[in-house]
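These notes open a run of structures that come right after.
Next come two complexes, and both contain subunit A; in the first it sits with subunit B, in the second with subunit C.
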Partner chain A sequence: MWRRLYKNKMAMVMIGIILMTTIIGIFAPFFAPHDSYKINILDKYAPYSLEYPLGTDNLGRCILSRMIYGIRPTLFLSLLTMIGTISIGTVMGLLAGYFTGIIDEIIMRMVDVMLSFPSQIMVFAVVALLGVDVRNVILANVFIKWAWYARMIRTNVMKYKDTNYVLYSRCIGNKESFILFRHLLPSISSEMAVLATLDIGWAILNISTLSFLGLGVQAPTPEWGAMLSEAKNVLTTNPNQMIAPGVAIVILVAAFNFLGDALRDALDPKEKNL
Partner chain B sequence: MITLDKINVGFRKENTTKLFGKEKKQVLFDVSMHVNQGECIGLLGESGSGKSTLGRIICGLLKPDSGTINVTGPISIVFQDYTTSANPRFTVSQIIKESLSVRERTQGIKIEKEEEVQHLLELVGLPKDFVTRYPHELSGGQLQRVCIARAVALQPKTILFDEAISSLDAHTQVQIMDLLLKIKKQFNLTYVFITHDLTSVTYFCDRVLFLYQGRVVEEKKVTDLARVEHDYAKSLLYSIVDIRSNEK
Partner chain C sequence: MKTYILKRIGSAIPLLFCISFLCFVFINLIPSDPAEVALRVRQTPVITEQAIEEVREELGLNAPYLVRYGRWLMNCLSFNFGVSYTNPSRTVLGEISRCLPATVQLAMVSLIFVILLSLPIGFLCAVFQNSWFDKIVRAIVFMTTAMPAYWIGLLLIWFVSIYLDLLPTSGSGSMKHIILPAITVSLTYISTYIRLIRNNMLENMKEDYVLYANVRGLKQTNILIRHILKNSLHTCIVAIGMSIPQLISGTIVVENVFAWPGLGKLCIESIFNRDYPVIQTYVLLIGTLFVVFNLIFDIISYVTDPRLRGDK
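Then we have the complex of A and B:
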């Protein structure tokens, strides 16, 4: 599996982009040329220069530094969202798919209710109820997304539940936990990895969208969506302000989506000609 | 050893005529059987006769609608489709260790697993360095031997074979059957052998149950096979005799 992934050039390039972004984000103080909060009002809207490689924003803060520091909330909050979503979705999906009957009914009706709400409105509602805060945004995202995962995982579990090795385990009276965590979870994990990669893109966009609307990460914390939001105020006079955060979001989201596609190819054992 | 009394099984029909209808398609009708310790019984029937369903009832994967089952001692199973009967992500040693850890738990003892795996592989006639292999790196016969090792590892009183050798070629079938006979003698096991293949039954079993459309229509000792009375059993028997006579 790893060898197939290793041979896939697209996957390797995308992993490279994502890894590089992550490393720059983690070691932001080493890479950022300036303090991301330092205001220099005399230099506001400075064009690209050696001192400020991507110019400065409306308060004269270095955009490159803010972009670099902005990786932390953008990437890590979306990762956090995905971890939360997947863990709740997996537990619920496994329970529903394996035990069926009444547990399945209860969980799936809950899922049906969750899925019948428009997701964006749900996020707004949750944030409006709990207050404007990043934590609430993540909570809201997890809250609307787990149902979708639970359904996907349930379907996958049902596919593997009647394979002979699971039947054998049940026949000889092995523990349910062994069947769930050693047989079923590894079987569904590859498909889950693909889904999760594709959905990180969604999470990044969603957090950026909410920050853009002023519901997510709050000023002065640097975040790509929030930076885009500030840039839109001067769209007509300084359009170049939008380029850096906009392009960065596009590249990162695209990288995750391409990686998801590549993973799907690499993990599908029937696809031989890679 | 194993006693089944008037087992009835039905499945919910998917194509019910009524909305919310609960019609059932009955698969097994009043099936009763008894298997003695150390016996090898063959369940013979065509596709759809309910023999696999009966197998699932015996090993407790399905609950019958009515009737009682009584199985003494642990029971183990070997499936027909060896490609899916082992987890493709497990190595041979992990596959066998699953049974060993269940045995540890039920008998409350400690087992030297590595040693025991080696011992079991030797028993089923596989080289010891197979422990690190994955199922897709084995041939059908080898994987079926691993499945047998896994079933024996549980130290069961009974092993159920659900078409366990049907998907192997003739030569491997004979090898596996000889292996099974050896193991049976060594551990004094009871075998329930589900199959549609009469020849392997005659090679192997003491007693045969003919299953036809969910009913046990005939029960005979292998030595008395020539004296079957039911039409289905006769036709099955004659079809084989026919092939044999054609060969001459």
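Then we have the complex of A and C:
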């Protein structure tokens, strides 16, 4: 699988983009030319220049620095979302698929209800209930997304649990938890990786959308969606304000989407989707 | 066939109960006491313990949980969704019905765009697979899935309304106002359906009946339209039908970008104002729509596709 992925040049470029963004985000203070909060009202809406490579915003803050610091909430919050989603989804899916019976019934009915709501509405409902806060946005995203993973993992566990090696493992007296985490989990991890990669793109879009609407990351903190929200107010006078954050989101999300597709192709070369 | 339809309806009812229960739990989880809120809504000057107790008795808040759920559900079934917290002179039903037409209008126009654009483009992409047209469309489709909807909206506003000065930037009223929001809403769905139709047709092209039709020497256009398209259209129409509630709920972001006076804008305003009854009703409405549309199109696909019936 890795060799096939390695051959895919575009996929390697995408991994490069993602890694680079992550590194720049982690070491933001080294890369940012200015303080992302420093207000310089005299220099507001400065055009592109050597000192301010991407210009300045409505308070004269350096946009490039804000973009670089903005990687942190955008990328790391979505990673956090995915970690939460996958862990809850995995546990639920493993439980449902492995123990079947009443546990399966209860979990799957919950999953049905979760999947019968449009995800976006659920996010808004949870944020509305818990109040406007970044933590709540992540909770909301995890809350609506775990059901997808639970269902996918359950189907796969059902498929694998009667295979000979699992039956053998039980025969020689291995503990149930050992079978679950050492036998079943690895066999479904590759499929999970594909889904998770594609969903990171989704999470980035979702978090930035909520920030854009003012429900996520709040004002002075640099975040790409929130920056676009500020840019919206000056759309008529300074349209170039909305270019940098938008392009950055598109590139990052596209990178994750492309990588997800490439991973899927590498896993299953027969099915070539778009 | 009748048993299937009955069974399908039977499975939808518990789901609706679950959704309504979730909505009911939702309003009971809010940090404020409903009796206190009710007093504040009535603009009682001094809120005393005794007054709260009286209101609690009056509103039946002392009754057991399930009894209250039953009462609330009966109220909902008779379209009595309560009163808005922020503006006591308005009922939730009034607020929703004030905003619903605009959203339905936007969703309808978007749906028309989706059908008119995705069907022919997806068809052409499948027919001329790997041609330059197909490649360009696939690149565009790939880009649009990575673009946030609100950014597309902003770009459209800037380019069409400000740079070219063709259409109004926001608000509603004339036909001109609806074009940009509808394009923004439909773009994500168009790319999804182009992909769906294209892949579906390519799958169908590999089937034996196409080979047989070719062997019989039928005209290519005939095979494409009468055989392949007909078979692929079925799945696509069902998929598009099931996504109608998603279109309605998907307008939230776009409505806020274009200041479109619909449900989405109401929803966001309510979130900021902590107007819980409105949010609750909105979630209930969308959830119900979702279940109902899924049910309808499931049955339609069952009725119209003999292959599904044959399996039983």
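Everything that follows uses one rule, which is that the second predicted complex is superposed on the first by the 265 of 274 C-alpha atoms of A that agree within 3 Å, B and C clash if a C-alpha of one lies under 4 Å from a C-alpha of the other, contacts with A are read in each partner's own complex, and residues count from 1 in each chain.
Quick note on the criterion: a contact is a pair of C-beta atoms (placed from the backbone, for glycine too) under 8 Å apart; a residue touches a chain by one contact, two chains touch by 3 or more.
Just so you know, these numbers come straight off a predicted model, no measurement behind them.
Undergrad: Figure out whether A:83 sits in contact with subunit B (first) or subunit C (second), or with both, or with neither.
TA: Touch partners of A:83: none, neither subunit B nor subunit C.
Undergrad: For A:236, is the partner it touches subunit B (first), subunit C (second), both, or none of the two (neither)?
TA: Once the two structures are laid over each other on A, A:236 reaches subunit C alone.
Undergrad: Which of the two partners, first being subunit B and second being subunit C, lies in contact with A:213: first, second, both, or neither?
TA: In the superposed model, A:213 contacts subunit C only, not subunit B.
Undergrad: Given the touch rule stated above, what does A:168 touch, subunit B (first), subunit C (second), both, or neither?
TA: A:168: touches subunit B, not subunit C.
Undergrad: Looking at A:178 after the superposition, I want to know if it touches subunit B, subunit C, both of them or none. Which is it: first, second, both, neither?
TA: first
Undergrad: Return the chain, subunit B or subunit C, that is in touch with more residues of subunit A.
TA: It is C that touches the greater number of subunit A residues.
Undergrad: Which holds for A:205: it touches subunit B only (first), subunit C only (second), both, or neither?
TA: Only subunit C; A:205 stays clear of subunit B.
Undergrad: First (subunit B), second (subunit C), both or neither: which does A:23 touch?
TA: So A:23 meets neither subunit B nor subunit C here.
Undergrad: Report the residues of subunit A in contact with subunit B in the complex, numbered from low to high.
TA: Against subunit B, subunit A makes touches at 163-165, 167-175, 178, 182-183, 186-187.
Undergrad: Write out the stretch or stretches of subunit A touching subunit C in their complex.
TA: Subunit A residues touching subunit C: 109, 112-113, 116-118, 120-122, 124-125, 127-129, 132, 201, 205, 208-209, 212-215, 225, 228, 231-232, 235-236, 239, 242, 246, 249-251, 253-254, 257-258, 273-274.
Undergrad: Which residues of subunit B touch subunit A in their complex?
TA: Result: residues 59-61, 74-77, 79, 81, 84-87, 89-90, 98-99, 101-102, 105-106, 150, 154, 156 of subunit B touch subunit A.
Undergrad: Under the definition above, what is the set of subunit C residues touching subunit A in their complex?
TA: Against subunit A, subunit C makes touches at 15, 18-19, 22, 26, 29-30, 138, 141-143, 145-151, 154-155, 157-158, 162-163, 169, 195, 198-199, 245-246, 249-250, 252-253, 256-257, 267-268, 270-272, 274, 276, 279, 282-283, 286-287, 290-291, 294.
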